[in-house]
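Shared between the two complexes below is chain A, which has chain B as its partner in the first and chain C in the second.
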Partner chain A sequence: MTADGLPASLEERVALRIAGDRSVRQVVMLFFGSALFWLLIGSLLGLVTSLKFEWPDLWTGTAWLTFGRIRPAHLNTMAYGWSSLAGLGAAVWLVARLTGTPLLHERLALASVVLWNVAVGAGTIAILAGRSSGMEWLEFPRWAGVILAIAGAPVGLSLLAMVRRRTLSHMYVSLWYLVGAVFWFPLLYIMANAPLWRGVDQAAMNWWYGHNVLGFWFTSISLGTIYYLIPKIIGRPIYSYQLSLLGFWGLAFFYSLVGVHHLVGGPLPDWLISLSVVASVLMIIPVVAVGYNHHMTAFRHLGALRWSPTLRFIVFGAVSYTLVSLQGSLEALQFFNRIVHFTHYTVAHAHFGLYAFVAMVLFGAVYYIVPRVAEREWPYPGLILAHFWLSVTGFAVYFIGLSIGGWRQGVAMLDASRPFLDSVTVTLPYLASRSVAAVILVVAHLIFIGHFSLVAMRRGPVRATPALLGEIPMGARDA
Partner chain B sequence: MPIVAVVLVSAVLVTVVAVAVYLVSGGVSRRVAWQEQARVIFWDGERPEGQEPDR
Partner chain C sequence: MKRFASLVAGVLAAWMAGWLALTVVPRQQLASVGPPAGLMPYTAEQLAGRRVYVANGCLYCHSQQPRASDLGPDSLRGWGRASVPGDYVYDDPHLLGTSRTGPDLLNIGVRQPSEDWHLIHLYQPRALVPGSIMPAFRFLFVVKARAAPGDRVVSVPPQWAPAGEVVVARPEALALVAYLRGLDRSYPASGTMGIHHGR
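Moving on, here comes the complex of A and B:
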């Protein structure tokens, strides 16, 4: 045995790793499987939402298909259904690997899978039935929010038990983010849903939560995943321990203050708005630290992008994190905010974060984790390639179109000599591009879900070797 | 003018906090930490993606 309590021989450690992967199989596959179900629902809701900009009278005779219900249902299914469940699945696997400990309290984790899905299902139905709370990111009625808050606790306890009884004493940076997320999310969600806030306070709390759930929940899980998978895929440790400290604590200190920049120009004290703008600019520190750390780790090893399915998604997500965060700091500045606030530009920015960063990282994580826990390779590498390029293309069409359209919309709204309707008509071609992008993304997701289903149901050809996107050059082996 | 003030204050805070955090985190030996991290990630003997003989 080593000082860490690990077996001394490589064979025994490999056996321990395989046993750990098997211990999380059921929980991880259920988290991923249900996440993909919500990805399908959320994608279709997003497509319908987009089409309603083209044809405003589409299905207006059916109350639950009206824009005011479909749009928040899209947001909540994608955020709490797809992203959160996939993130939890990845977190369970990552914690087992990083602690050298098999899954503990499996029933608790399974209870979370069930309760979380019940909460998302009930909350979504309530939104579609017209029972939305009306607060963005918190549209689930309070009773559904209570179920969601309770749902996270069992798997959180399971993860914390594994960390507490970990075989490996050193806590790797990914674990900091994952443990942070386990504490931060319930804290945020319970505080935001507490029946204490009224009027302006409620608006401030709404956006304190709305932005923090991105930084302390989705970002934390995604960064934790990136920090583990990049070194794993290229076979090289992270570049700098200090930079990873700077990135983590910078996020922890500054991010909680940034949310109020969504209310620039609103009826809030100047100091509060200024503080959020300053914190948004301060976020440049951890973002650059994380980006530089990832880049220096992968530098000279990016050749693996040619064959690694996971690395393609992860690197795309990691680069997107840096860019979308810097864009967010810029958007908080008042001279810029004045133009883009209340426009489609902000919608493009939100999708840059939640899709190009979070979803792409989670796609990569699913591609890496599933063959290991299911002990079955992805049958068709071509489908992974199609998923990647359709996702990239769909996102690019979405982002570029809505960014330009949103900017032009903002400029038109600020021009007092133009009628307000100009700010609507100027966006029409860009809204059409969004619908095209939505169709592309739905196709990408259908491919992904179909491919996952084949592995989960153990159908399709059995591959003896990992599904790679290309041949590994001889010189790159054993790098 | 308020924008200029916010940017200037932000720049000063960025510098101060970055230096402070860097100095605090410098207490951990980079070499030791690097080795620790390498051990935690690669303890399981798994090869880089696509080169795993035992998956």
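Moving on, here comes the complex of A and C:
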């Protein structure tokens, strides 16, 4: 044994890794498989939401198909279905790898898969049936929220047990984020669903939760994944341990305070809004620390982007994290906020975060993890390439169009000499471009889901070597 | 990091800081805000209408928080004075909203008191506001050959009305309109609690 708890011989280390990958196979494939089911449902709901802006007289005779129900159903299936389940799948695999401990309490983890899906299904049906709680990011009615909170506990206990009994004494930076997420999400979600609030303090609570769930759940899992996969693929250690510390603790203590920037100008005490704006600006520190750390690690080895499918998605996600976070800090400042607040610009920003950052990282994670746990390679590298470029194109069309449209909407709304309807009319071409983007993204996801299904059902050609996008030059390693 | 306990302690401290600062302290500070003299509690019908508003996601396009004049021309557009915490004491869930694809509604009852207008607008927004992209809410209405006694018939303009039939408002539509017509925070602001007022 080495001082760090690792077996001394390479053979033993590889055997440990393979045993860990095998131990999580069933749980990880079920998390990923059900995540992809929700990705399909959520993508279609997103497309319908977008089309509703084009044709406001589309399907108006049926209550469950009205815009105001489809939109939260899209958000909740994407957030709690796709992103959370895929993130949990990645977390289980990462923790097994990083602790050198095979999966503990598999039945607990399996119970979480089942219950979490029941909660998302029941909550989504409730929203469509008109039972939404009415608070953004918390639309599942309280009873469905209780199921979701219970659903997270078993897999959380399983992960913490693995960390406590780790064979590797050192906790790598990815583990900090994952342990954080395992504690943060239930605390946030349970407090937010407690019936303690009304009026404006409920609004403060709503956005405390709404923004923390991004930072403490989706962002934490995604950053933990990036920290593991970039060094793994390029075969070099992370650039700086000190920057890792700064990035993690900066996120923990600043992110927890940013939520009320969603209510700038609203009927809340000035000190509260100022606190959130200041914290939003302070977030630049951990964001730059994390970005510098990731980009400096990857920078000298960008050649690997030519052949590694995973690295393409992961680096795209890592760069998006830097950019979307800096954009977020800017949006909190009053001179900028007064234009973009209440507009589609915010919606574009949200998709920059949850798609170009979180979803892209999770796509990359699925491409890396599945062959290792299922012990079967992706059959068609061309499909991975198509998924990547369709996702990038669809996102670019979405983001560029809606950002311009949202900006013009805000400018029109602030001009008292223009009728309010001008702020609607100027957005129409950009809303149409968003619908085109939605179609592209649905196609991208269908390709991804189809490809995953082939692996899961063990169909298609069997490859002896990893599905790479090009030749690995001499000297590079691992895909 | 090697120590699990220190990691968990830091994680919990960070969470606790945000929870206290953004939820517990504001709640304590605002606990003393009572209902302003001009604000009535919602009636049973208005509360039913508020549930229709929540169920159908009106909040995704309509805010209920007019801002101070240095932040935008809200009052010039007739949306009302900057709102204060007291205006929301009866609100659960809160419906402040984050989007203005449509106009702010906190004072829609002042701006648009007509029940007829609201019913026609919900049945077909474009009948009253050409160019509107608000969805039509036809499922809140029944189209039938002839009105029964007690039916609230909606006077939809002929080019938007179904030929040879009448449009009757369902109870949900009537409740929603009762809620919208009751949205009125035009009384003087009180209990401002250190909030932004426009300088």
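Please note the rule applied: the second predicted complex is superposed on the first by the 467 of 479 C-alpha atoms of A that agree within 3 Å, B and C clash if a C-alpha of one lies under 4 Å from a C-alpha of the other, contacts with A are read in each partner's own complex, and residues count from 1 in each chain.
Quick note on the criterion: contacts are C-beta pairs under 8 Å (C-beta built on N, C-alpha and C of every residue); 3 or more make two chains touch, one makes a residue touch a chain.
This one's a predicted model, so the numbers in the text were calculated from it and none came from an experiment.
Of the two partner chains placed around the shared chain by superposition, chain B and chain C are both touched by A:Trp249. Of the two partner chains placed by the overlay, only chain B lies in contact with A:Ile238; chain C stays clear of it. Looking at the shared chain after the overlay, A:Leu188 reaches chain C, while chain B stays out of its contact range. When both complexes are overlaid on chain A, the residue A:His170 reaches chain B and chain C alike. By the document's definition of touching, neither partner reaches A:Ile147: not chain B, not chain C.
Looking at the shared chain after the overlay, A:Pro371 reaches chain B, while chain C stays out of its contact range. With both structures placed on the common chain, the touch criterion links A:Asn212 to chain C but leaves chain B unconnected.
Once the two complexes are overlaid on the shared chain, A:Val118 sits clear of chain B and of chain C alike. When the shared chain is aligned, chain C comes close enough to touch A:Leu268, but chain B does not.
Between chain B and chain C, more residues of chain A are touched by C. On chain A, the surface patch touched by chain B in one complex and by chain C in the other comprises residues 170-171, 249, 253, 334. Residues 2-3, 6-7, 9-10, 13-14, 17-18, 21-22, 25-26, 28, 30, 33-34, 36-52, 54-55 of chain B are the ones that touch chain A when the two sit in their complex. For chain C in complex with chain A, the touching residues are 1-2, 4, 7-8, 10-12, 14-15, 17-19, 21-23, 26-27, 29-30, 33, 54-61, 63, 65, 67-68, 71-73, 76-77, 82-85, 87-96, 98-103, 125-126, 129, 131-139, 193-196. Looking at the complex, you find that chain A touches chain B at residues 4, 6, 10, 13-14, 16-17, 20, 97-98, 100, 168, 170-173, 228, 231-235, 237-238, 240-242, 245-246, 249-250, 253, 274, 277-278, 281-282, 284-285, 304, 307-308, 310-311, 333-335, 368, 371-372, 466, 468, 472, 477-479.
For chain A in complex with chain C, the residues that touch the partner chain are 52-53, 56-57, 60-63, 66-69, 71-72, 130-136, 163-164, 169-171, 176, 179-180, 183-184, 187-188, 191, 196-208, 212, 216, 249, 252-253, 255-257, 259-260, 262-263, 265-273, 275-276, 334, 338, 341-344, 346-347, 413-416, 420-421, 423-425, 428.
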